[in-house]
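Here subunit A shows up in two complexes: once beside subunit B, once beside subunit C.
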Partner chain A sequence: MSAYTLKVRRYQPEAEEDDKRGAYWETFDVELDPTLSVLDGLLQAKNDKDGTLAVRCSCRAAICGSCGVKINGQSTLACKTQLGEAAEEAARMARNGGGEAEIVVEPMGNMPVIKDLVTDMESTHWTKFRRVTPWLLPSGPPPEREYIVPAESMVDVTQSVACIQCGACVSSCLSMEADPDFIGPAALAKAYRFVGDPRDGQTTERLYDLANDPHGMYDCTHCFSCIDACPKGVAPMNQIMRLRRLAGDDHGIRDVNNGHNHEMAFVKNIKKKGTLDESLLLQESYAPGVKGKLMPRVSAIKGLLGSIPTAIRGIKTGKMRSVPKLIPGVHHKLPGDAQGHVEEIYERAEESKIQLNLYIIGEGGEEDHAAEEVEPESVSEEPTTA
Partner chain B sequence: MKLAYWPGCVSRGFTPELHGSMALSAEALGIELVTLDRANCCGAGVIAEHNQELADTLNARTFALAQETGLSMMNICSTCQGAQSECQERLDADSAYRSHINDTLSGEGLAYTKDKDGFTNKNFLWLLVEDYGLDKLAEKVKRPLEGLRVGPFYGCYVLRPKTRLGYDEFPDRDLYLEQVIEVLGGQVVDYDGARRCCGFPVITMNKETSLRQAGTHVGDAIDAGADCLVTPCPLCHLNLDMQQPEAAKVVGRDLGLAVLHLPQLVGLALGFDPKQLGMPKHIASTIAVEDRVSALA
Partner chain C sequence: MPEHDVLVIGAGLAGQRAALAAAEKGVSVGIISKVHPVRSHSNAAQGGINAALDVDDSWESHAFDTIKGSDYLGDQDAIEVMCREAPEELLHLEHIGVTFHRNEKGELGTRAFGGASKARTYYVADITGQAIMHVLYEQLMKYSEQIDRYEEWFTTDLAIDEEGRCVGAVTRNIKDGTTEVFKAKSVILASGGNGQIWQPTTNALICTGDGIAMAYRAGATLMDMEMIQYHPTTLAGKGFLITEGARGEGAHLLNAKGERFMEKYAPNKMELASRDVVSRAEQTEINEGRGFPDGTVALDVTVVPRKRIHEALREIVLVGRDFAGVDITREPIHIKPGNHYTMGGVKTDIWGRTNVPGLYAAGEVACVSVHGGNRLGANSLLDTLIFGRRSGEDGAQHAKGHGFGQVSRTVLSDAEARVDAIIARKHEGGRRVSEIKAELGKTMDEKVAVFRDEEGIQSALEIVQRLKEEATSAYIDDRGTVFNQDVLGAIELQNMLENAEACCMAALERKESRGAQYRTDYPERNDEEWLKHIDVSMNGEGPEISYSPVTITDWQPQERTY
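Right, the complex of A and B next:
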């Protein structure tokens, strides 16, 4: 048995005492084995100290997804975090030379708080979740018995299927902090679960919908927070990147955020120059083929014009004074034959496009797993044994 | 100490003061840098979004060029670190995949080898703490930055995901900026934004979301009493410094906080002049920091 102090962010909407109006902090001392969970600690506090302490929980085994909270600032499940670990992490972050530190427990972020650690999942998480039509929409009449698909065709969606809807990723999402309308990691990971399902008949429509919502797949800022928050290894950000690849590259969808244009401008930029020509990137992200072919979107022209004040400031301070930094395309290539070798890499890799799935073969895993070439799968006519 | 050095693209593009200040600081620290001038862009996660194999091969090429020198590799960009670590994770996971990639590189006579102890590619921040050592850094300090209140800003790509970025072996990587600031004699400012996202990756896609992030963090640091921020990531610098006037409009408040590159902060403590370190090139004025530092000298 060890002693721990839980510092809990509380909110009691019905409280009448002056010191309990609005949100406030309260500490609870508990005594439990270090291998027991923070949830066990909270339940002991509720049982022994204050029965009004509200926390949502059910299975206590990281399966039901009810007890999402922030522990020491990290969104996670209270039942999946041991008290001993949480106390060590609190002491480490406090930088007090390994002394005692309070375990900080807060309600999840990006959602309204109903009471103490109980958040309103409906107004954010579930609303966003329903936004992506989270059920199968097969085309054609249903088969006489079950749908039969080859096991390999489900490999890529396995990771997103593992989601338990706890909302930890939504709580941690740094884009959603800045843009509450962002569809967010949980819903987009679920969208990929159906986009990648060979039985679904609305793949293009789903992708078009999410690419043309300005708060959709291109509103993710690559911060990796959802990957570290997810207790089930879903890596929602990776699923969002898969959605982008499918929408822009495989289905040729031009999104409303210029995301695919930006991606392609970047890819071509490195093929041509080896290192990034920022001025060219800016121009081609907003307005590909401005020298001729395609009519840029109005939003693209606005974006390009909107970056002019920043460029003028850069010229004034000397940040962008040199010609290669200012004029798109003047940026030098890699020396000698290096640029040619970079182009060779493009030719080969754009041909084979291998996607190694580390969720399946194991991160930093052992050797000799065959690299799989992932191609768009279709529903097999033939029954296969899995 | 001698290292294969990958400066990245932005340090030679829109943040030329980073490349310059790194060269000065390295020399004063006694670190010899062998620049990988044939190496290519890391792809910043964007090329991987388009085609994983392409990103992996491009970075395998950079690693192979570093391995040819027989030295460990150092980068000065959180984004390079994250994007390259992601590719290295895939390259190290599967020998068949690695052979396929090396076959592509063979035309140039290059090959990426998975070392027994792992190929080492570290951001300057990690290298400074783990290999150079804070004690040795402390010995080199000529002008302790006494009274300078510095807010750390890491950049997502050196923080997450922890499993990929070596936190099992080095659990305090998310505290190194604080440690370095203290060794240089500065005062750490705690504020909400230190480990959040600068918003840069969506600057061309959703400018408001992007600048709201940058503006919020800069504002929080000002409210917490910071004289400046310090970052090991030039892409964060673009959003926090170059875009700061635009970010101020989005968050609807005055900002105006200097944002230093890590080698600039180190350079100040090593005794270099702010002009030598390229600080006048910044968009957000560094004059307050310069005044404070010159009062120390």
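Right, the complex of A and C next:
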């Protein structure tokens, strides 16, 4: 048994006391074994001290997805986070940033709060979820027996099937913070579940739809937050990247958002320069290749002109620090033969093309061991994007 | 007042399947759940679903295994229905999108499971329940024009008219605390089991036997309430489930001396004997001092190839890592028998009909009885789907032939008054709801578990009756309307205590050992006197015991060995 302090972000919509109007903090001291979870801590506080403390929970074993919260700022499940670990993290944060070593528990982000740790997932998460037509759309009537499909294809989509809709990824999504209309990591991972399923008959339609939606698959900025947050190893960002590769490469979808071209511009840019040459990036995004630059389309010119305010803002805020960076071609080169190494990495990655699927390769530390057993997949995966 | 031809209460596998089947018959459907449907406890079914689909398999073989597994207490007409319809249901699930495991030819592939004479368990890694339930939820959204969903609504009671027919239900919207009477021509209970009566349990916090208690109060008969399954492989202390699929994939059970002790208890089936047999074997090892100091034995998964573990048992790799700090691919994990499943429940026929006209039950809340004294692994998903569908179909048929009943005007005010009374309880003199719940859980796990005797059950019953009394004054803190989980907890406690009382009475009554009921004071099965169901119904304010015959078609009781 150890003593822990939970600092909980509370909101009691019906509170009449002055100090409970709006959101406020309250600390609870609990005593539990360090291997028990933050949810166990919250439930001890609720059961023994304050029954008004609201938190959704059911299975206690990271299966039902009810108890999505933020712990020490990280979106996760309360039942999956051990008190001992959370306390260590809190102590580390206190050492680095000052303040008390308290386990901070807050409701999930990117969603309205109903009461304490209970958020309104219906108006956010579930609405986005329904946006991706989340059911199988086979072409034609079913066969007499089962659909015959490759065994690997079922294992492949199992990673997104493993999603329990807890909302931790949605809570952590930085793109959604900037664009609340972004369909988001959970719903897009769900979309991949159908796109990757050989029984679905609407693959192209689904990809076309999500590529051309201004808040669709190209709204993700590769920040990895959802991968960190996901308690089930679904790695939503990876599923989004697979959607993009399928859309842009395999189905040749040139989206109105210019998303595919923008992505390819990164790939080419790094292959050529090693680090990002932002002055070339925009040109390449809107007017790819020599042909694009010699005969730019009207939309390319419009797009480039439209980017000028962003570029100016970049200079003003100091994001773009050196003026030479604005001049195409002046970008510095990597020292020695480093650029050659970069190109080798590209080649190696192109050759191996393994799918990053936990159901196939296992957890961290075992990749080497497991990778030997992995057969190359039929679906190609570009090694690097942005 | 919302009106639906068919109203489904509970939205796990049985409830969602019932709603979809009813909608297919062209009636209007409402489905109510106290949690969001995908939070339902069907999620926790890891291992798979049984069906004799393979050409070398037969429904008769599946039926025999199930009957033997039930220790001959299962009703054979119902078991026949379930096993015959299993392949078609499985293919239906596959067609609507469940990502079942395939063999090299791309056909559906199986794994071995306990108590089965053939490998007939179809699965999605070790998240089969979750995978199926999310697909059904997809279908609920697809058919959202025919099916209205009421997510996070807590049903407090059934509405019964003067002739004793079920005509709807009273439900509280958890988000704002308003209470509504739902009118319906058919009401299908699919609200799950009562595992929370035991602590620890593999069951979710929501499994509080609400449906069983509501039906019982409404005049429905309960059956086989003494039959409570202890799962052989649960994490000590926390009660988390380690799938039987682990043993299906070849994992061993070892005592502290490193012996594969199942050799003594089930020399043929070893670790894959039926669950009651394996749980008793483990408990015997532990009681006789061959367990580990923490009161456990070990499950050794390391004998399963690593690649196979990652592909087929990933969830329990996570459970081991996150909840026990053990890498199961490298070392054995300590486990013990833990409360897992309610074989008994609301007594129904093979169409889910209860003795209350207009009221149906399906899934763990119900007792058809296909599981009898002991459920086989991977038969529970099947039970929910087959009898969920049949209830939905018959419920729709019933609705077409009947009008809406007359809901008494006092139903709503009674329900509101009940909540108001709980909220008004004073803190002085009473106990906290959570305190009573904890005492109940501990009592049942000590006295009504793997091994039972008269003294223990009698003392459990007395404690339960005292707790029932105490629960009437148990107090809560939350007096609000928005997301008041406190008041729901008080209602759940009352439901749990009604379940516990029925369970203890039935366990006391059955003076023999059969399936999950092992009486150390009556260690033999006694077909002459006890090859019958024990029914419990409410007579006035108290429970009353009666009996009903076991339906036997082709399979006469035999001695049961594995």
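Here, the second predicted complex is superposed on the first by the 274 of 386 C-alpha atoms of A that agree within 3 Å, B and C clash if a C-alpha of one lies under 4 Å from a C-alpha of the other, contacts with A are read in each partner's own complex, and residues count from 1 in each chain.
Note that in this section contacts are C-beta pairs under 8 Å (C-beta built on N, C-alpha and C of every residue); 3 or more make two chains touch, one makes a residue touch a chain.
Predicted model, so just to flag it, every value in this text is computed and none were measured.
After overlaying the two complexes on the shared chain, residue contacts for A:177 are found with subunit B alone; subunit C is out of touch. Residue contacts after overlaying the shared chain place A:301 against neither subunit B nor subunit C.
By the touch criterion stated above, A:221 is placed in contact with subunit B alone, subunit C being left untouched.
Residue contacts after overlaying the shared chain place A:257 against subunit B, while subunit C stays out of touching range.
Using the contact criterion defined above for the overlaid structures, shared-chain residue A:134 touches subunit C, although it does not reach subunit B. Taking subunit B and subunit C in turn and counting the residues of subunit A each one touches, the greater count comes from B.
Contacts of A:320 after superposition: subunit B is touched, whereas subunit C is not reached.
Contact with subunit B, but none with subunit C, is seen for A:270 once the two complexes are overlaid on the shared chain. With both structures placed on the common chain, the touch criterion links A:92 to subunit B but leaves subunit C unconnected. When the two structures are aligned on the shared chain, A:282 is found in touch with subunit B, with no touch to subunit C. The contact surfaces that subunit B and subunit C form on subunit A in the two complexes overlap at residues 358, 361-363, 369-370. Residues 12-14, 35-36, 46-48, 50-52, 54, 56-66, 80, 82, 114-115, 118, 121-122, 130, 134-136, 138, 142, 145-151, 154-155, 157-158, 161-162, 164-165, 197, 199, 232-233, 358-363, 366, 369-370, 373 of subunit A are the ones that touch subunit C when the two sit in their complex. Touching subunit A in their complex are the following residues of subunit B: 9-10, 12-17, 37-38, 40-41, 43-54, 56-58, 61, 82, 89-90, 92-97, 100, 104-105, 107-108, 156-157, 159-164, 171-172, 175, 178, 196-197, 199-202, 204-210, 212-213, 216, 242-243, 245-246, 280-283. In the complex of the two chains, the subunit C residues touching subunit A come out as 35-36, 38-41, 43-44, 91, 94-97, 99-109, 124-125, 127, 130-131, 134-135, 138-139, 141-142, 151, 175, 204-206, 238, 240-241, 306-307, 310-311, 314-315, 317-319, 321-323, 325, 432-434, 476-478, 480-483, 485-486, 489. Contact residues of subunit A toward subunit B in the complex are 92-93, 95, 174-175, 177-179, 182, 214-215, 218-225, 227-228, 235, 241, 244-245, 249, 257-259, 262-264, 266-267, 270, 274-278, 282, 285-286, 303, 306, 309-310, 313-314, 317-320, 322, 325, 331, 334-338, 341-342, 344-346, 348-350, 352-356, 358, 361-365, 367-371.
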